[in-house]
Amino acid sequence: MPKVVQRIERAEEGVIDGLGRCGVATVHEAQGRIGLLGSRLRPIYPGARIAGSAVTISAPPGDNWMIHVAIEQINPGDILVLAPTSSCEDGYFGDLLATSAMARGCRGLVIDAGVRDVRDLTEMGFPVWSKAIFAQGTVKATLGSVNVPIVCAGAAIEPGDVIVADDDGVCVVRRADAASVLEKAQAREAAEESKRRRLAAGELGLDIYDMRGKLAAMGLTYE
Amino acid sequence: MPKVVQRIERAEEGVIDGLGRCGVATVHEAQGRIGLLGSRLRPIYPGARIAGSAVTISAPPGDNWMIHVAIEQINPGDILVLAPTSSCEDGYFGDLLATSAMARGCRGLVIDAGVRDVRDLTEMGFPVWSKAIFAQGTVKATLGSVNVPIVCAGAAIEPGDVIVADDDGVCVVRRADAASVLEKAQAREAAEESKRRRLAAGELGLDIYDMRGKLAAMGLTYE
Amino acid sequence: MPKVVQRIERAEEGVIDGLGRCGVATVHEAQGRIGLLGSRLRPIYPGARIAGSAVTISAPPGDNWMIHVAIEQINPGDILVLAPTSSCEDGYFGDLLATSAMARGCRGLVIDAGVRDVRDLTEMGFPVWSKAIFAQGTVKATLGSVNVPIVCAGAAIEPGDVIVADDDGVCVVRRADAASVLEKAQAREAAEESKRRRLAAGELGLDIYDMRGKLAAMGLTYE
Amino acid sequence: MPKVVQRIERAEEGVIDGLGRCGVATVHEAQGRIGLLGSRLRPIYPGARIAGSAVTISAPPGDNWMIHVAIEQINPGDILVLAPTSSCEDGYFGDLLATSAMARGCRGLVIDAGVRDVRDLTEMGFPVWSKAIFAQGTVKATLGSVNVPIVCAGAAIEPGDVIVADDDGVCVVRRADAASVLEKAQAREAAEESKRRRLAAGELGLDIYDMRGKLAAMGLTYE
Amino acid sequence: MPKVVQRIERAEEGVIDGLGRCGVATVHEAQGRIGLLGSRLRPIYPGARIAGSAVTISAPPGDNWMIHVAIEQINPGDILVLAPTSSCEDGYFGDLLATSAMARGCRGLVIDAGVRDVRDLTEMGFPVWSKAIFAQGTVKATLGSVNVPIVCAGAAIEPGDVIVADDDGVCVVRRADAASVLEKAQAREAAEESKRRRLAAGELGLDIYDMRGKLAAMGLTYE
Amino acid sequence: MPKVVQRIERAEEGVIDGLGRCGVATVHEAQGRIGLLGSRLRPIYPGARIAGSAVTISAPPGDNWMIHVAIEQINPGDILVLAPTSSCEDGYFGDLLATSAMARGCRGLVIDAGVRDVRDLTEMGFPVWSKAIFAQGTVKATLGSVNVPIVCAGAAIEPGDVIVADDDGVCVVRRADAASVLEKAQAREAAEESKRRRLAAGELGLDIYDMRGKLAAMGLTYE
């Protein structure tokens, strides 16, 4: 059953980059509060904000062989997304693999396991969102699959889906929904701008969103 | 039962600011090693050190409505302290709410749940101590209470208690004890200064604190 | 049974420093993928990279008395390694103890428990790898031991073993193996250099490591 | 500051026993969905259902001295409730202490830490709700307090509050509210009985609680 | 977007029941070591072994309204499978809902959250696999969906997929694969029987599976 | 480096069985409160109490090949003790391996990972202490070692050490210390017997252990 799917569909580059500019929280809201990967995935350094197409990897615990296989499938702008087949925090990925992935145009790695050489990765500017930072080495003994549907940190991901990642975590957008989600995300950003100005000026959300009546109706009392 | 208590007592501003300068570890020791919130609460960026009066929020899991209600109750110098009524890591708070809270003079947020927009919050200089960084959106459907006693990350907190927070975590000081705790904290700082100099000069704690006899009496042997 | 062993063997300074320059991931690989302490130990600030001889401490939960005892046993270049006798996250160590340890030439602390005063420690440049940052104070009431074999974060450590610690975590090298591990680590670094250049130039690991045949033989299929 | 409060108020025996018969879930609901201790507290054997007045213990990590002190304060029908001053899973309590507590009429133990001798405790019929089962022994070196307010597994508990515990966990009821909570709990039980019959007969909650209209109004669609 | 899909495809009853008899471990192996839900899901009592068609529920944290909606969609032989939209351990389900679900022919509940009234559920013989046992009540304020694809405890589940659950945990089998997986599972059982006899007679796996040569070839040495 | 040590020393059978009768808590205390494996190891069914000589296994994550190798090394009365080389909860062991191990006289398994087929194991009376119950299958692809020193759940274990396991967890006794620990454990049991009678009769530990004076001297006050 282990297999590599070589041809995957990707969203439009402009859409992907637009989603990246909106960021995780806005994109997540824009698509109806879905698509977040679990909060255990944290960036290895602050400030990175990326978006790209998912090249997915399903790999056995403690075995990073399939990352070598996956790197060949990377198109410029892609993001590697690895889910181990059972819970694992080993360091599947380090500076050599990052060097190779960057040479192929990879924008980053999302991994529900561990990563190592984080100082080198930080200096290289190769961002990683991982469950752990752990130097534990892995073997190359058992096959997995590349570009198959996976569940990573609780989110179902199809190859070619759009991954957005920043300091708030990681979000997935279905490839087919990417354009419409971008539209909603941009609308949301525009709407927030005026609210931000009013709030900064001291207006209350209670008034801007007209909440007082509903709160009273539901029984909130003031003492 | 959901309610908002509008009038709370606060400690003196000078006392609050003094406690903030002493920091969490010193204040915690000065009041007899009590008052710490659990270590799961971590700052979203390093270097913040604040103190303020607690405006408390008890909110349902995944529902941030009461934050809007609480913001109206903020006096300049206050700190929002939110405890969900059951374990939750959703992102109750982001840059819009921070904008609103800052406009009211709020010094920061302590939340036993999640927070989002952390890059924006960092740029705004609005410090948050939270259990998680997570973009998951919340609803506004169920009431909670503002300025009632809560338990946040294992510590009992009354509205108006003094909250001290820095890179070591978060500590609560009973409002009525604030002045005397400050006195003890400052005494402790003064006492530490001379010890620091002696230790830096190479003297041993074993000698400064006269421990050798007691260690031997209890049976410690040297080989 | 509580005891302090005063005379421990240490590895050669040159070997220790060489291991430190290689770093955790390389040293761990060079000795056959063993010796890592658990990933729950994280540095309190990024960028520190140290190596030194372990002065070990076995201490009761919530009792830091033995750290004072251990500091007397420090030689310049040593690293304190503390394992509580049961799970604990209290703040055993802060700026005063760090001042004392630094005065003795200590290079850092590895502790499977908590640490506090992390802003001061960061400013002092005293690195700590710990399970938690927590201000909770400790007592000095019950004896433990210094320079006895311990298990710290899942790794067995003998006094005088070489500790290597950096952003990837912490690794222990048996004192007697230190020289040969260094040799293998340096060989590994040299070998990686040429691979890094080839990967950066776009060659694939699949080809450099000649994996295609083996993958096919094991049944990997391409679609 | 360590102290023992010898005289505490207790709720009426009949009220306490009534709450015990209602059980944790019903009591928790009856008082407005408050008062639960964290789900990490689990019974050491199934089937126990108790209620009693809290004799509270605040004890240092790894130190069970105060349990001996607390046992003297037990009245028949009381329940010991222990919160360590920082996170700990040591085995504070075993068969000898249970023998002593039972001789005083104690109905059980609630402890946010560990317990041991669980086979003996099971045979003795002495129920314990704990965070861990762990044989790790404790010392008697540092004072704590008995019958002071504590926070146990996230819930604030006053000495003399009513503790209800069963297979669902542990709930605390304020002493002053006990009688009225019992009344509401019994009303709730009565009301549930008829619903249970209707549901068992195949009626749907959608109809019994008249939910269909509200669901439609909020936008739920059927495909 | 909240919706209820009323018509779902189910696998054949005979196939479902056959999978239930094989059990989780065998079914998981038979389909290529996939489909397990996370080990955090544990049965509330030992000995239950069920299989059925998934009626899926996506529900907000702390809100069990959709369970009422889902119960109407149950066919005899179905299993409810609930995934909260973010991490939650509240007690979504108790004896009243179980009464209602049983009246519809429901065989059990799989929930990546909490459950309560576990003594009643045990007496009723209504099995539940859950992340927590927790009495915390939930609200009925926010919509979710029924019979949509979900990710539950790390496994992707489609409505109508076959759920197998026993003391080893929970496994999902794609509806379309159910018949072929059953065939492989039964073949596996048959094959294991003869191995079991040989192993019971003292033969070694090393010999039965002919491992000695491969172990030696890979470098295993005997001392 | 993977190797199998075929000849290990074992403690005397009578001593081993004596330790088993004393149980984990008593043995742990008798040897100075050391030797416990972490509380995350729990028995798969209640009531088992065993002791035996450790046959140790160091195995890669998700790879149970070495268990087959280890079974050949079992002498009647031995206990298998497996530590994965990094954190893993896969089901390394099930009913077939248990059948094989029992045929060799194995008394049980201690594993810092997962186990499966727990209903079968329970019926067979083969006790297991594990970190998880999880059906996830493992591969046979990478070597490990048998009868080498390991760290299992935080405790250092040498092959041939005595393992004691019961409802309280698991404890290791150094082979060379086994006889003297047994002696101390039996003395402890004898001493406890009279204390148990006195406590059952209502005497207080405060008086039996003469604690009142020391408590007062340390500053405990009664109100």
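Residue numbering begins at 1 within each chain, and the chains themselves are lettered A, B, C, D, E and F in the order written.
The rule we apply is simple: contacts are C-beta pairs under 8 Å (C-beta built on N, C-alpha and C of every residue); 3 or more make two chains touch, one makes a residue touch a chain.
In this text, all values refer to a predicted model and were calculated from it rather than measured experimentally.
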Any chain in contact with subunit D as well as subunit E: B, F
Interface sides of subunit C and subunit D: same vs different residues, half threshold: same
Equivalent interface to C-F, taken from B-E, D-E or A-E so that over half of the residue contact pairs match: A-E
Length of the line joining the C-alpha centres of subunit B and subunit D, rounded to whole Å: 28
Separation of mean Cα positions, subunit F and subunit E [Å, integer]: 31
Residues of subunit C engaged with two or more neighbouring chains: 33, 36, 39, 85-87, 89, 134, 136
Inter-chain touch pairs (all): A-B, A-C, A-E, A-F, B-C, B-D, B-E, C-D, C-F, D-E, D-F, E-F
Subunit E residues touching subunit A - in the complex, by the definition given at the top: 1, 32-34, 36, 38-39, 85-87, 149, 151, 154-156
In the complex, subunit E residues that touch subunit D: 2-7, 45, 65, 68-69, 71-72, 89, 91, 94-97, 99-100, 102-104, 114, 116-119, 122, 132-137, 140, 143
Of subunit C, residues touching subunit A in the complex: 23-25, 28-29, 33, 36, 39, 42, 46-47, 49, 166-169, 171, 192, 195-196, 199-202, 204-206, 209, 211, 215, 218-223
Residues of subunit A that touch subunit F when the two form their complex: 60-63, 85-90, 134, 136, 139, 141-142
